[in-house]
Amino acid sequence: MTKPVNPRGTPIKEAEAVGIEFPVVGKARYNYTTGEALGVFLAGLKQGRILGTVCKRCGRVFVPPRMYCSYCFRPVDGWVEARDEGVVVTAVASYIEATRARAEKARVVGVIKLEVPGYKFDDHFFPGIMHYICVDDEAVKSMGIFGMRVRARWRPVEQRVGSITDIECFEPAGP
Amino acid sequence: MTKVAIVGLGWSGFSPEVVDMSFREMMFKAAQRAYEDAGGLDPRRDVDAFISCQEDFWEGISIADEFAPDPIGGAMKSVYTVAGDSLQCVGQAYAMIKSGLFDVVVVESHGKPSDMLTLHDVMSMALDPISLRPLGLANIHALAALEARAYMAKYGVGPQHLAEVVEKAHRAGLRNPRASYAGRLNAGDYELSPVVVDPLREADIAKFVDAAVVVVLASEAAARDLSDTPVWVEGVGWRTETSTLELHDWAFPLHARMAAEDAYRQAKIADPAKEVGFAEVDNRYSFKELQHIEALGLAPRGSAAEMLLEEPSTQAAACPSTSAAARWPRGSPSKSTASPD
Amino acid sequence: MSRNINFKHRVAVVGAGMTLFRRRLLETPQELAWLAAKQALEEAGLALKDIDCVVIGSAPDAFDGVHMKGEYLADGAGGWHKPVVRVYVGGATGVFTPIAGWWHVASGLCRKALVVAEEKMSHAAKPHPQYVFRYIWDPIVEKPLNPNLIWIFAMEMHRYMYKCGVKKEDIALVSVKNKRNACGHPSAQLCDPNITVDDVLKSEVLVWPVQRLDVSPVSDGAAALVLADEAEARRITDTPVWIKGIGFTLDTTHWTNRDLAYPEYVRRAAEMAYRMAGIDNPRKQIDVAEPYDPFDYKELHHMEGLGLAKKCEAPILTREGVTQRDGDLPINPSGGLLGVGNPIAAAGLMKVAEIFWQLRGEAGARQVKKPVYTGLAQAWGDLMQAGTVIVLGI
Amino acid sequence: MNRVKYFQEVMEIEAYVYTAGPIGTRWLQELKNGRLTAAYCAKCGKLFLPPKMFEPETFEEAVELRPIDDVGVVETYAVIHRGFDGEELKEPVAVAFIRFPGVEGGLVHYVKAKELRVGMRVRARWRPVEQRVGSITDIECFEPV
């Protein structure tokens, strides 16, 4: 005898799914309070700066910032500015949209380990953000993108709104 | 088996809109206070597990527990979420410590309703999609109003009784620095409050606040280390009546009665009306306070209202409650938790 | 945390049940929970009135499309007039649910508990269930980039490939193994007895390096267990399966700040469970394991986190056939999420049910070849954060 | 530095498509036909509403629907005067919980009556056939018998 014995359930096709269709558009809107950490971070982006916080007890720099050290459980000791430049830690090429539809063209996205003058980071913990990387998907497939130096391509000042999208993408910065 | 104690408590917020802190920063503030209250405990070293009480749609984040660990010192430690009210989390912490595996467990809960632009739509998403949601109720408080009428009709409770509850809660809140909506109401004020869903007026419905609360629980041995004044948890109960609104008792909160019985059995309380010194009952709606006083066995069924009018001093002493304002709805009308200390 | 303790109440699994796992099922979420719970009760020879309390596991409310899903599911999970609680840790919920069930019984608060996990992803029909995953990202610093869930997996997979020098061919072997294993599972959604590595490598590229057959499907389903304390368990069955160890860990929210090549949070959760179970050499002492495999590389990743393979060693063990059903360390004999399907929380609990059946010798067509005494199930979730581990033994 | 204080986002999809289950689907179909039915549990002999493929208390399976009279009794009612944010409705709307003889549970639905009272008998007012879609709203409301 193989368990489970006679598992039940009634498989259906999409077209047969008689029930209630319930539109949700407009029904779950939020006005997130950014708080001090992300509020300052977003304002920094608007000025073309990437800001982080620092815990002087353990020496960690937090980008994206928070007001507490996740490791020492104490308030952070202030703000530091990261360079808008760093190296790619990992990256992928997306051929689909958030909706699962096929994308018109591949979009490369990855995690960038940022540089902060006066601080050194290993592979274990580092200030890093996820963003688009403006390179060809071949750079991903060949794995050449790992360790690539990239720099933020900022939107023009007048288009910036205080969002992560104030950076258009990161682009190769040369060696 | 070990006893379980509460050894620390912290909070932040408790105002209609906390504009200068994110929910995570509120959690951090509350946690810092709680750990200080628990004798300066270090969550990175001294805490075995953390529970965060939250629901995705309240947060506007799917799998919202992702954001739980860092602000309370729980990163890379044992953390999980209970989708329910915070007393249920206390119940989980109690069971965890009783099991013998955990010595110190932290319970965190927060609400930031001011972040929700479409609160009514979000609350309506909790209704059964087949039998209830298609009705498109203009005000979800109507469901509580159905309970209110059923209770009032069955036990002869009138608006004068609800007015008394409202007045008492607002007055009690004046002595609580965290009660945003406290105030002194005169006898006639209640009637000036607009009818929202008859039989409930605006004054009968608790208003929302943003807040975070952190509680530290510990085993007997750990509690003696951490605190000179631990408060022992003698019993905890939580019960669901049914998921199906149509099948639940509209006139009486059976779930609260059953949860209380569980807690009293553990606490060896035979006559709660005599043995319970004071109670904080859920009064998110005025009539709920009366219902819950009865469900908890602090007054015979159907008699809380008359007791309130006849012996205000006794009743106020037996059941002083925070301002209705200090409550924010979490959980469903068919669920209840009781935790006498 | 207490060490080397003797628990007053040992906790056993005495029954398991589950539904079919399918892309779309007609039953409501409550009814799916009921189908699984009813089957678990019948297997244990119990009625609902015998149950003292209920623990529900379910991941995001946004799938079923019901806010406060725990309250909604209670009736189907057998919660009528009972203590009911819903716990969750994202994708790791399925294995976490019996962990929470453990302390309900170990504490003495309940003698017999129903543990039920359910997910109905098909409700989130328009435009696609995947769209719902957009809301698990940080709403302020990540969601504006319009992410797809697969991004985060692909980033982890690629980092793992880079760090360990793993080829896609090696990873695809996991998908092939699990989809073939699934053919022995009566609930399976994606049995394919003839699938090859080539099929995986030729499937649609979603987010490089992730292709369609690297990923588990969208599924509806539910699973359930009955837990009992020692005295009750002895009354109910001659072959109880004991919960020997539990462990759970949540890493920092900020996944972009740490290396993704190794699942540290799984290692820590496993250490917690092993300490409780008295296991010091998992590779030798665990006879069969069900690590979480929503993506094929995840099985490898988790084997390493669980200490069942050294760092970067899991692909080698896989290539050598060690992880096959007749191998020395059978991994995912059920067919896993890649083969049986992935109704998130229910899939995790399915893994615990599989270990239960394997240890009782009831897995029939799926029974592993070697004798098994100790098994493990593990799940993973959140933003590469959550590890949950349970060790069962006879 | 000035802070950005708020960030607006949504958490929504286009639409959920809910299934009603094996018995619920037929129940909706019967509503479309203008018939009110209740689930019948053959093992425990109970009729209950709203229907599910199991009876929650006994946990037994229910596969059968039985027609019931669409006349019920108002067990409790509420009159909505204002919306959730305090806005006044154009006219008050009454909603009630209606119980049917011999049936466990019942229906929450709108009631249109000059004067409402607990215990009053009400009957379903069905929408015209062509407007019915297989929903609880195929009953427009209940009105006094």
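Here the chain labels run A, B, C and D in written order, and each chain numbers its own residues starting at 1.
Here is the rule we go by: a contact is a pair of C-beta atoms (placed from the backbone, for glycine too) under 8 Å apart; a residue touches a chain by one contact, two chains touch by 3 or more.
Source: prediction; values computed, not measured.
Chain pairs C-D and A-C differ in how many C-beta pairs they share in contact, with the greater number at A-C. Between chain A and chain B, the centres computed from C-alpha atoms are 36 Å apart. Once the centre of each chain is set as its mean CA position, chain A and chain C turn out to be 27 Å apart. Centre-to-centre, using mean CA coordinates, chain B is 33 Å away from chain C. Of all residues in chain A, those that touch two or more other chains are 10, 12, 17, 19-20, 22, 24, 26-34, 36, 38, 42, 66, 70, 163. Residues of chain B in contact with at least two other chains: 19-20, 57, 60-62, 69-70, 75, 117, 122-123, 125, 128-130, 134, 242-244.
Residues of chain C in contact with two or more other chains: 24-28, 30, 62, 65, 75-76, 80-81, 122, 125, 127, 131-132, 135, 138-140, 144, 252-254.
If the chains shown are joined wherever they touch, the resulting network links each chain directly to all the rest. Taken together, the chain A residues at the contact with chain C in this complex read 1-14, 16-17, 22, 24, 30, 32, 34, 38, 41-42, 62-64, 66, 70, 89-101, 106, 109-111, 123-132, 137, 140-141, 143, 146, 163-165. The touching residues of chain D, when paired with chain B in their complex, are 5, 8-9, 11, 16, 18, 20, 24, 28, 48-50, 52, 56, 75-86, 89, 92-93, 95-97, 104-110, 118, 135-137.
Chain D meets chain A in the complex at residues 1-20, 22, 24-25, 28-29, 134-135. By the touch criterion stated above, chain B contacts chain D in their complex at residues 19-20, 57, 60-62, 117, 119-120, 123, 128-132, 134-135, 137-143, 145-150, 153, 194-200, 202, 242-247, 250-251.
On the chain B side of its complex with chain A, the touching residues are 18-25, 28, 31, 35, 42-44, 57, 60, 69-71, 73, 75, 112, 114-118, 121-122, 124-125, 129-130, 133-134.
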